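Before any comments, here is the structure.
Labels run A, B, C and D following the written order; every chain starts at residue 1.
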């Protein structure tokens, strides 16, 4: 599966444009390379195209033109049937969480392991450890609708990191969290990154971008208008 | 309907406790008065009970014990059938937006006017004006799933303010917005407040609490641990 | 209350628009509901057509039943005439026909088919039969009373109503009709549950929508009316195909069979105005079940 | 592929657990689907029982048909004996019974009911009838061939198969059976569509769930199998009530009617093992429709 995966990049976009069916031009001619093991912030005003950008990476949307490579795979060439296998390389924290409503917190997280055929005996301990990490051990048996916004967000984070993906993409992972919990979550993401996972964080949170300085990409109106290797919030 | 509504308060909680069916004690013995025309922040760590507090105000949840008065009405005494009429006094921006998925942006906002029997000729212009206010005039005909997170959030805000409620309650209205848009939204909320509406904003956003100083209530672990009349972020 | 009613009336055109939009935007769900209605009405339609025709046939046959009064062989002409007059004066008698002993024997011979020819030689003086009268009643239900009155008359040998074959046909039809009725009622109830069930599922999947509506202040009737109109429309749309099948199918059947079933005693009902009446019945049935189904299903979600 | 198959087998217990949990947690939806299956199978069951019994009766009656061979009145005893032997040698003849002219006349008189008594005086020398043979064929289908062979024999007056009433009963039953078959097939197809439709709706309302599963890397089969098992279970659970109705209902019917319908020529099928076989058929039908229904419905959501 990863034969043509060059060590030089984990994510590579070449001339990517995305126009939605409604005619909205969400991204125009994006070129970008992210190396394995990098930690990158994606920032930008609302409606700039940040979510669209990451949707292209895990193939929820397909680029109108241009090429998207993730972990050495040409994303636009993956057959429908193979998409789930591809997604096992990527952990995603969605902006709107997308938890399975009829499954408990524990089941939501363990599901990501079950589908990848993790041996049963490892699942239980792995899930417990991850829930501990995001501070939700006591909510394991709750259903998503019984959680606060911030708790749901942390379940989504736990699910994304539990199977140690090659790439972790988080869309506003701290949008519903107070500064203390945000800092904790960022620490978790840094730890995951230290283990070799490439991490991409979409955020509006000035506080965390300033506190955890990293490479920051600014998307505005569908274009990358700034890309620093040292963090720095570009508004104001 | 508002006969026994004293001018002294818009919202009054007396010894309110909320225990969920699961046994979680989300709020304990809350006492609080908010006067008509006030602008109040509600802050606190994740899972503290902020959303539960405001759910009691618009009667999505009912207090386990204690009394909740909003606009002079004893909330726990409202009959199921009368709940919608009561809610017309309150505009709510939900943490998870709750837009009608099968209705366009325009329809979502105008729906709040239609149900209150606003004369048809006023609806169109009112909705347009409100969408302009939140900067979404060009998305009027999009469906919620075609919007970015921040755009959905602004639709929710537009819907909450369009029929000029007595009380406006916003749960994380800037959670998905960049600082610039957040500032704009806060300006909108201030304008609504200036027209006499009582405004309650639940937020984690240190930036806006500091920039727009107002009375701030800190909820922690189900109790009000701090209530200032002058704003001031209490973390750090 | 009055305020609510006025609000409903004022918003009626808007509610219709909402209902149409919902049907359109809910795609698969609407199609499924319509499909359920269609199937259900087809079942009800087919069974109904059969039932109605069997009912008709039974009544037809019953009303064509006659009383056969056989005089004694020894009765004189005067006695026969007196009986004739007496019969004509009986209540609920529609007509009395005289048939002499020769034609009676001939009928017997004819009725027996080939076996009868053997008895042709007993015609004339050897004729073992007497004169007879054939009586038509105004209605099948009077047969028994009339017959019992005649049995008490003098010189009457035997009173028979309906040939044996006819009686057994009627009792056969009645059995079929009775079993059929139970079946029809059962199936109709089941089928209507089916529609209501489908509508319930489609509405359940929209419970979030309903709770959001209540959240922004929509009164219960404001929420309910579009759902009810949607139910009615789904019922009406769903009844189009069954009505077409009824119209073309019944006409085709009627023409193919020359309007009769097996024998010419079992007549099919005339297509007009039957198909129109029954079609209207199907449409009304579909839309009222749609209405009631949505009303009941929405109810559940207006409780919190 | 091999990896997928192994993964499926390894995870089978887990899939069953998931399916059970889903049924439980989807509450109303599951109940609705089960309800649809129940209703459908009841319809199919009732119609099926009727159809099978009519089919049985038709075959019963057909196989009890006999050929009635009537000799000329003038035939001598030798000629009758010769014919007897000839008849016994015909192919596909199961049995030949001799009946002399006296018993033939008696049968005629008995068959005519009260009217027949008039002819009692023609017994003895005046008897207009000849001797006769009653022949049973090995199977209803040979009646025609046998009869035509006999017609060519000497001294044979008339060959008749089946009394007129029997023949018309058979043709009546055949008509009912034919109309019934069309009806059954149609209704079964419709009913199965109904189940599939209900399952489709329930699954459509869970499309988000499916897309999330794909999002976290679940392969298509991993998603599909629990849905399929859910379909099977819904089918099985839904068939419980129809099977109980079948079991108790058919037994009650059988006992109440002494195992016959109208006359003792129309026998009901023995309850055992019939109810078990038919019950198993319903369970299999329900679960396979559930299986196919969910398979097809999930398919749609695995495309993106």
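To be clear about the criterion, a residue touches a chain if its C-beta (ideal position, glycine included) is under 8 Å from a C-beta of that chain, and two chains touch if they have at least 3 such contacts.
By chain, with names taken from UniProt: C, D = Cell division protein FtsX.
This is a predicted model, so every value here is computed, not measured.
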Each chain counted as touching chain A and chain B at once: none
Chain separated most widely from chain B, comparing mean CA positions: D
Centroid spacing, where centroids are CA-atom means, of chain A and chain C (Cell division protein FtsX) in whole angstrom: 67
Approximate Å spacing (C-alpha centroids) for the pair chain C (Cell division protein FtsX), chain D (Cell division protein FtsX): 26
Computed distance of Cα centres, chain C (Cell division protein FtsX) from chain B, in Å: 61
Per-residue multi-chain contacts in chain D (Cell division protein FtsX), two or more chains: none
Chain contact topology (line, ring, star, complete or other): ring
Complete list of chain pairs which touch one another: A-B, A-D, B-C, C-D
Residues on chain A engaged by chain B in the complex (per definition of touch): 20, 22, 24, 43-47, 50-52, 95-96, 142, 146, 148-151, 154, 171-172, 175-182, 204, 206-207, 235-236
Chain A-touching residues of chain D (Cell division protein FtsX), taken from the complex the two chains share: 7, 10-11, 14, 21-22, 25-26, 208-209, 212-220, 222, 302-304
Touching residues (chain side chain A, partner chain D (Cell division protein FtsX)) in the complex: 58, 60, 80-81, 83-85, 87-88, 92, 94, 98-102, 111-112, 114-117, 159, 163
Sites on chain C (Cell division protein FtsX) touched by chain D (Cell division protein FtsX) in the complex: 28-29, 32, 35-36, 39, 42-43, 46, 108, 112-115, 118-119, 128-129, 158, 164-165, 172, 175, 183, 186-187, 190, 193-194, 197-198, 200-202, 204-205, 262
